[in-house]
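Input: a single structure, listed below in structure tokens.
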Amino acid sequence: MTTHYLVLSGLLFAIGAMGVLIRRNAIVVFMCVELMLNACNLAFVAFARQNGNLEGQIIAFFVMVVAAAEVVVGLAIIVTIFRTRRSASVDDANLLKY
Amino acid sequence: MESPAEIVQHTAGGMIGASWLMIAFPLLGAAILLILGRMTNRWGHLLGVAMSLASFVVAVLTFLEIIGLPAEQRRQAVHLYEFIPGMVDMGLLIDPLSISFALLITGVGSLIHIYSIGYMSHDPERRRFFSYLNLFVAAMLLLVLADNYVGLFIGWEGVGLASYLLIGFWQFKPSAAVAAKKAFIVNRVGDFGLLVGMFIILATFHTLTFSELGKQIAEHPPSGGAVTAIGLLLLLGACGKSAQLPLQSWLLDAMEGPTPVSALIHAATMVTAGVYLVVRSGAFFFPPDSTQAIAVSVVGAATLLAGAIIGCAKDDIKKGLAGSTMSQIGYMMLGAGLGPAGYAFAIGHLITHGFFKADLFLGAGSVMHGMNDEVNMRKYGGLRKHMPITFATFFIGYLAIIGFPLLSGYFTKDGIIETAVHHQPILGWLAVLGAGITGFYMSRMVFMTFFGEKRWEKDAHPHESPAVMTWPLMILSIGALFLGGYLILSNRLYFFLSPAVGTAEATPEFDFASTAGLVTLALVAVGAGFAWVRYGRAEVPAVAPRGSFLTTFARRDLYGDALNESLFMRPGQWLTRFAVYFDNRGIDGLVNGLAAGIGGTSGRLRRIQTGFARSYALSILFGAALLAGALLLVGNI
Amino acid sequence: MNDAVVAPTIEYGTLAPMLLVFGAAVVGVLVEAFAPRYMRKSIHVPLTLLSLAGAFALVIVQVVKGAVPTAPVAMGAVAVDGPSLFIWGVILVLSFVCVLMINDEGHFVASAAAVPGSADEEEAEAAGGSHTEVYPLVLFAVGGMLLFPASHDLLTMFVGLEVMSLPLYLLCGLARRRRLLSQEASMKYFLLGAFSSAFFLYGTAMIYGFAGTVSFTGINKALSTGSLLDPILLLGLSLLGVGLLFKIGAAPFQAWKPDVYQGAPTPITALMASGTLVAAVGALLRVFWVALGNLDWDWRPVMWAVAALTMVVGAILAITQTDIKRMLAYSSIAHAGFLLIGVMATFDKSAQNAKSLSAIMFYLLVYSITTVGAFAVVTMVRDPGGEAGHLSRWAGLGKRSPILAGIFAFFLLAFAGIPLTSGFFGKYAVFAAALASGSEAGDSLGGWMTGLVVLGVVASAIAAFFYVRVIVLMFFSDPAADGPSIAVPSMGTVAVIAISLLITVGVGLFPQPMLDLANQAASGLFIR
Amino acid sequence: MGETITFWVLAVVSVGAALGMVFNRKAVYSALMLGTVMLCLAVLYAVQDAPFLAAVQIIVYTGAVMMLFLFVLMLVGVDSSDSLVETLRGQRFWAAIAAVGFAALVILAIGNAVFAKEAGLASAIGQAGYIRSLALLLFTKYVFAFEITSALLITAALGAMVLAHRERLTVRPSQKDLARARFLGERPSPLPGPGTYARSNAIDMPALLPDGSVAESSVNRYIARFDVEQDHLPADPKLAEAIKHRAAVESAEEESK
Amino acid sequence: MSPWLPILMAVPVLGAIVVALLPKGSDKLAKQATLLVSLVVLVLTLVMAVQFKTGGPRFQFQAVYDWIPSFGVKFGVGVDGIALVLIALSAVLVPIVVLASWHDADGTQSADGTLITPKRSVKTYFSLLLVLEAMMIGVFASTDIFLFYVFFEAMLIPMYFMIGSYGGAQRSYAAVKFLLYSLFGGLLMLVAVIALYVVAGKGTFMFPELVGVIQDPATQKWLFAGFFIAFAIKAPLWPVHTWLPDAAAQAPAGAAVLLVGVLDKVGTFGMLRFCLELFPDAAKAFTMPIVVLAVISIIYGAIVAIGQTDMKRLIAYTSISHFGFIVMGVFAMSQVSQSGAALYMVNHGFATGALFLAAGFLIARRGSPHIADYGGVQKVTPLLAGFFLIAGLAGLSLPGLSSFVSEFMVMIGTYTSSAFGSGALAVAAIVSALAVILAAVYILWMVQRTLNGPTAEPVKAFKDLNVREIVVLAPLIALIIGFGFFPKPLLDVINPTVTQTLVNVKVDNPAIAEKGAGQ
């Protein structure tokens, strides 16, 4: 079964990554990152059972905490940008280039 | 045939040991005059003359000491100092050949110095002129006295420098500046030959010193190829310095210099350095009847004709004389190519030519002095009454050069012709022809200048030159009268020189009634007569008539310049332009292009940095995929 | 059910430097909460500086005492070995210096929440407000930097990574001038950082799946036993690499660097360009040399390509830059490439590896110090609208303020690696290590290492061009009529520049003491 | 068997939801889709002997993190939706290629790895029990990371404060202050209301005072200006004049700024 | 441990610091101090040189200190004959350059009152000059290859600033080009230096200990290439020469003198010492291609020089031609050719130095380096013209002037070299001899266009050399003439080193003229 779970996690990770690439709304982009983290968690949990130790699950906890903190910071940044530009599109922020 | 005597390393003191003073005096003079500059304006010319005379005195004393020695000891090498350690030591070779030259150089040189006091009296830069003259004398003495090829070469280039400076003495005239440069550069072509010749000498014989060379050749007779190459290369050098075909073109232009320069450098001494070189190297590299020796003669014969033809067409008195110089040196070369049999005559002609040609040039200078520096003979005429001394001396020189019997030129030139007819008949008869032409153009010159109606410019007031100028003329004309006979009759010169240059198989005899001699005289007479018809009796037009093809050919210096222009200068210019273009656009262009290419790459590549976070994310994902792919690939290998 | 939990052992003494920094950060937060506004700065500054200095002193004490532990501490989470201590020392010095710069007026926004250009902002500025939260945030970031390269398992490393990054994401957006750029930088850094840490995490998952543990010791052990799980190991390796290479800004993960460096407040840029780079390289070394050291056969060829690409991209793209900070960012990319050459210089012999490690650490030290100095100079060259970022504004600086321009030129020459500057010896050390390890018998990459060094040399030459171009602008061009003004430097900035200059010159003339330090630190290699 | 069925059902659902999240134009839908994925994952955790994690997943992720997302979405505009036009040339194409390639590589790697039989968590849990085992790990082996995580949370809080919180720089005027200001001003009473008319319920119509004169101040001056600029004046010249006048006041004020 | 060389380096460095720290407005004092320091260095150098024992060990005045033990780097200095004469060359040129540059940074006005160069920092210029002097001495004195490299590269920086800050209109382009070219070569050399250290495995960079260590031919070739490219760029050899005309033309005359006169010599010096002795087999293997490049340099440089319209560029191209001779002499690997090459390095320094300075004085009077802007200078300023002419003649290697001896030795040494048996070297020598003609063309044509002919209008206002300028040129001219007739002192010092080099290169090519010299 581990393989199944891993393939699923891989798919979710790739979908998340693709979402980051094609979505313009910063919030959605960020959601995609969250999806990727979730995919990681799935892998950790699967491996935990595969390897017969609980470390994977512990790591998954940490990932959740880290994700939560990241979400806070990230959303704060997005909000700030939105206030300034009235837009949450990541494409609109491209003054810095070349 | 016998080789020259061995060179003895000079040990005792005496005049020979002090012979370096010969060079040192004029060198010192030049240095003082150049360094002190304007401070010496008042007495500079006197110092110059004094130094030249001092050198002459040393030369005479050395000469006396040499002739006091037994013949086999007359070659003395004086070691001066270590020049290039392990390769060349600087030293002097005092032998009959070099001392003859030294006497000529210092003697005629001193006379010309004295003459110049008067000739240059109005020039504000007279002091500089004398410094150059002194420099020239020093260099020329080094050339002839050095006991090795490097020393010779230093002198060789030194006289080239002095010549350059003196031709360009009036450098503010563009023509003078160009002429000076041309002289130097054409000479350098010859120097190239001399230089490469030295390479081969050193490579073959491991020495550049005459004494060692003699020993080497005596011990290991050299193979043909290298010697031929050396000979031809030295000949190239000689051609440059002596204005022989094909490097003759500079000499006519060199007449831009003050007339004493033309007399000293471009007639009496420097231009004969080529002959000296051939004769000096003769024992080593120009065995009689070898390819290179014949080449020397051929060059000589060709040049003597060319010079003569050019001389016929010139209205400029100095250029006419320059043509004649070429021609006379051609005779010397012709003689020098004949081996020891011709050496004495060649050197003899060289010495007598030194006198009579200096005489002629100075005479011409005297004429110009009196004619507001006019050089066009068509604007002379009838001057013999106005400057009698000049006329007389000039006339003596004239007679000497055309080979009027019993005058200097007669003996030496006839000697060469006879020897040539004997050894190389074709060349000999060409020389005879040349003598006839000489008779024509020299007569033409004399007639146009001193005879006929006066054709002067309005403001010309011809007058005799001051004594300081006429005295040297008189002394020189004495030489022109008698020196030839003294040297040639009873083979005085031949025997004097033979320790230095070797002896011929048969001791040459001067024959007053040889066929060639008589034919020569006849031709000369015909030439002179023709000249009388054309220029003595008939009126000389003030503007040169167009003349035939041959005249144009001669006036254009046988198209020598045109040939140089189309063969070397134009292609050279194109090459230069191409090279400059190639350097800027090609090599530098490549470098700049590379830089621009990197810059351009940068300019394009930075567009990848679009500023869109999503593109960056894409590159990260791609990178991740590549990294993973590569690692999986590497891991599975 | 009632077996007692054995209390974990935490070696507080060993971890003291890090704990001190974190503690100070927490105290800083409390100061924010309770101290009146007008007092906050005057509390923060000494607090921050003292804690950093104290932490540095603690590092020194450990080194002097020679009490470098030989096993990981804090239940195997942290490895405080020679390299860690060296890197800690470097980071602490750098952060101290950066805090001196941060301390200057005018770098940080008065009110981050106020919309740029709004009345609110004006009001906040008029009130002279500024975000004193910057200090605790910096301290947190520094704490993360200390943890990141010293962590001994992947989880701690991940946490360290985030602890280091989150405050930096925030700090990037706090520039006082050109706030749009600053916010943009912040968002880009954040999104891409989160994206890349997801990769890091996925890699961690794979490694965990392979080894059953995330401890470096355990991974290393698992590698030696061999397994049927190689594919996921390699996958994990590559994804971990993505996360780490992103942090040091290696191509093709370099794209964020110019944008973020340009947009962020300059003192923060300096901190990122120095401290973060040092920490990230330390972490990279730990992962690739300690955990995956036995896998060098696999990762070195790939790293070769990354290093080559990074050097070339950094050097070439920098040529056409017109913004000084952006140019320095690209230069930092190129230098990351040079560092990667050093990272690759590992092979069988541990003595040689120690030399390589020492070379890398030496390079990190000299490069980062010079970088901080360079950015400090950048802060001093100002236009009415803030720092004069555009290079054309720098024209003729050498005429107007020769000393400042001279110092900056010296830093640039150090970047270019001209002898008698510290940068030269850094570059030399790394190249020498690479060639030496490449010449070891049996190294399949032998000739390739030489090739890489030659490529590095070519990249250096290209890089020299843009450094030199700035010097040309400063010294050989005539100054613009309305050129930028030179801010009267505060004591802090003067100190920063002086310290950087002193080290750059000193190490340039006598590198031996620093080399000794690095050698000593590297002699024991990493704790495995 | 039960696990397999659960897996397949949830796998299909979660992948579908993930794709839905990526491809849905509306951000809110995306958020809901993400929630779906998270819930699915929670169930899968539970299936894989991680019930505690499943609970945390639901509470922390679905409960807290997703709510945060939704809040921010509302802040930014709930109905915001991406345009379907891709502005970056080739972005979608290459994104798809990269994602598919990456997924292929991952799957290839996983597929090539030969897993042993799952070890199961029984031995790891052993005597202590599931939760206790977790706690044991968390508070011994990973205690340092655990503690350091606090720094992360503090940072997050601090960061949110810095970026989002706007500190009041002036004292908020009290009601007393406001009242005093009003009575000190020109007009203590409220402005008259607009004249509303049965047919057109318009607030841009000035009220008429009892004397029949027009109460200019009854029309909002911005609206008056709008009317003037849009040439939207009433037919009654008296009213039109009043609106114009009112608009002129606004313009003058605008200029004086 | 002899203190001479460290002192020689320390004095100018200290001088530079003092000059740099002088208060504002003390320009004159700065100049005087610089002159004093450079004269002190000159005196010290001469005193040291006198104590050099020609028959003694190869490296004398050695001093070795630990510098960077971690890298195995020592601060090792010591001189052999060639290094000694080159240090002496630097020590002689610097005071002359100081005097020559006396007003270079002051800002100059041309005769018609237009500003030619703006005022620039005098102190900086002269302290850079002194720093450069220290580095020049250091680079020749280094016996540690790493130290050599350090000086080799570091030397670029003061020169870069001297060109870039004090040069002509295109100065920044020229300065950057100069720096990047040299840096690029230097970096390749760095790789070779490191590789040498690694491959040799001796743990040291000391040159004497590394001679003959590298045996593997392939390794030798690679390392040789690394060193050679750097030196070829520095030298500069065709086709990597294009930086020189720009740099020399844009640099102020004094800096140009040091650039062409000394800095570039490091390239040929390096070839002779490092390329040959460290990698003898590779050197022999590459001889022919290198000699071909050298011959191309000789001819090509001369031809391009003919086509120049800018005096300083012209001189620069002549130098390219001359460097071709030096390189040819080095690689012909005979005693005579290498001694000639080493001598050429010195003589070329004097000759080109004099030419650049004289041209510089000319340019300072007119404000234009274009040959076409002159004419008839001789009439107005005979002294200047005279010096210019002599310097020019030295440039065309007129016999009697020092450069002739060296050029002659190089050519004849190449022709007679038996190192390679084949006639190729002989052909090279003959082809290179064509340069004597081309040299006459480029020098004399320039002389004709500048000094001769009718006096151009702006030239009429020229003033002749003042005392300072005479003091600048006279010693150079004296040296040129003196060594032209009496090169023995230099050759005596150079020869043993060359002999040792040939022993290390394992070429049995004894002095060709042994027999001739046995008097």
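Letters A, B, C, D and E mark the chains in the order given here, with residues in each chain numbered from 1 onward.
Basically, a residue touches a chain if its C-beta (ideal position, glycine included) is under 8 Å from a C-beta of that chain, and two chains touch if they have at least 3 such contacts.
The model shown is predicted, which means the values in this text are computed figures rather than measured ones.
Visitor: Any chains in contact with both chain C and chain D?
Guide: Chains that touch both chain C and chain D, as defined above, are A, B.
Visitor: What chains, if any, are shared contacts of chain A and chain D?
Guide: Touches both chain A and chain D: B, C.
Visitor: Which two chains does the highest number of contacting C-beta pairs join?
Guide: Result of the pairwise contact count: A-D comes out on top.
Visitor: Of the other chains, whose C-alpha centre is the longest way from the centre of chain B?
Guide: Farthest from chain B by mean C-alpha position: D.
Visitor: When you take the mean of every protein CA atom shown, which chain's own CA mean is nearest to it?
Guide: E
Visitor: Would you mind pulling out the distance in Å between where the CA atoms of chain A average out and where those of chain E do?
Guide: 65
Visitor: Measuring from the mean C-alpha position of chain C to the mean C-alpha position of chain E, what distance in angstrom results?
Guide: Here chain C and chain E have centroids separated by 44 Å.
Visitor: So what's the Cα centroid distance for chain D and chain E, whole Å?
Guide: 73
Visitor: Just curious, how far off is chain C from chain B if you go by their C-alpha centres, in Å?
Guide: One centre to the other, that is 78 Å.
Visitor: Quick one: which residues in chain B touch 2 or more of the other chains?
Guide: Residues 606, 609-615, 617-618, 621-622, 624, 628, 632.
Visitor: What are the residues of chain E that contact at least two other chains?
Guide: none
Visitor: Any chance you could list the residues of chain D touching two or more other chains?
Guide: Each of 88, 91, 94-95, 98-99, 102, 105-106, 108-110, 113, 115, 141-142, 145, 149, 152, 155-156, 159, 162-164 in chain D touches at least two other chains.
Visitor: Where do chains touch, given as pairs?
Guide: A-B, A-C, A-D, B-C, B-D, B-E, C-D, C-E
Visitor: Help me check something: in the complex, which residues belonging to chain C touch chain A?
Guide: Within the complex, chain C contacts chain A at residues 112-113, 115-116, 155, 158-159, 162, 166, 169-170, 173, 179-181, 183-188, 190-191, 194-195, 198, 201-202, 204-206, 208-209, 212-214, 258-259, 262-263.
Visitor: If we count contacts the way the header does, which residues on chain B are in touch with chain D in the complex?
Guide: By the definition above, chain B touches chain D via 610, 612, 614-615, 618, 621-622, 624-625, 628-629, 632.
Visitor: State the interface residues of chain A toward chain C in the complex, per the touch definition above.
Guide: Touching chain C from chain A are residues 6, 9, 13, 16-17, 20, 26, 29-30, 33, 36-37, 39-40, 43-44, 46-47, 50-53, 55-56, 58-59, 62-63, 66, 69-70, 73-74, 76-78, 80-81, 83-85, 90, 93-97.
Visitor: Which stretch or stretches of chain B touch chain C in the complex?
Guide: 595, 598-599, 601-603, 605-606, 608-609, 611, 613, 615-617, 619-620, 622-624, 626-628, 630-632, 634-635
Visitor: Can you check the complex and tell me which residues of chain A touch chain D?
Guide: It is residues 1-8, 10-19, 21-25, 27-28, 30-32, 34-35, 38, 41-42, 45-46, 48-55, 57-58, 60-62, 64-73, 75-80, 82, 88-89, 91 of chain A that touch chain D.
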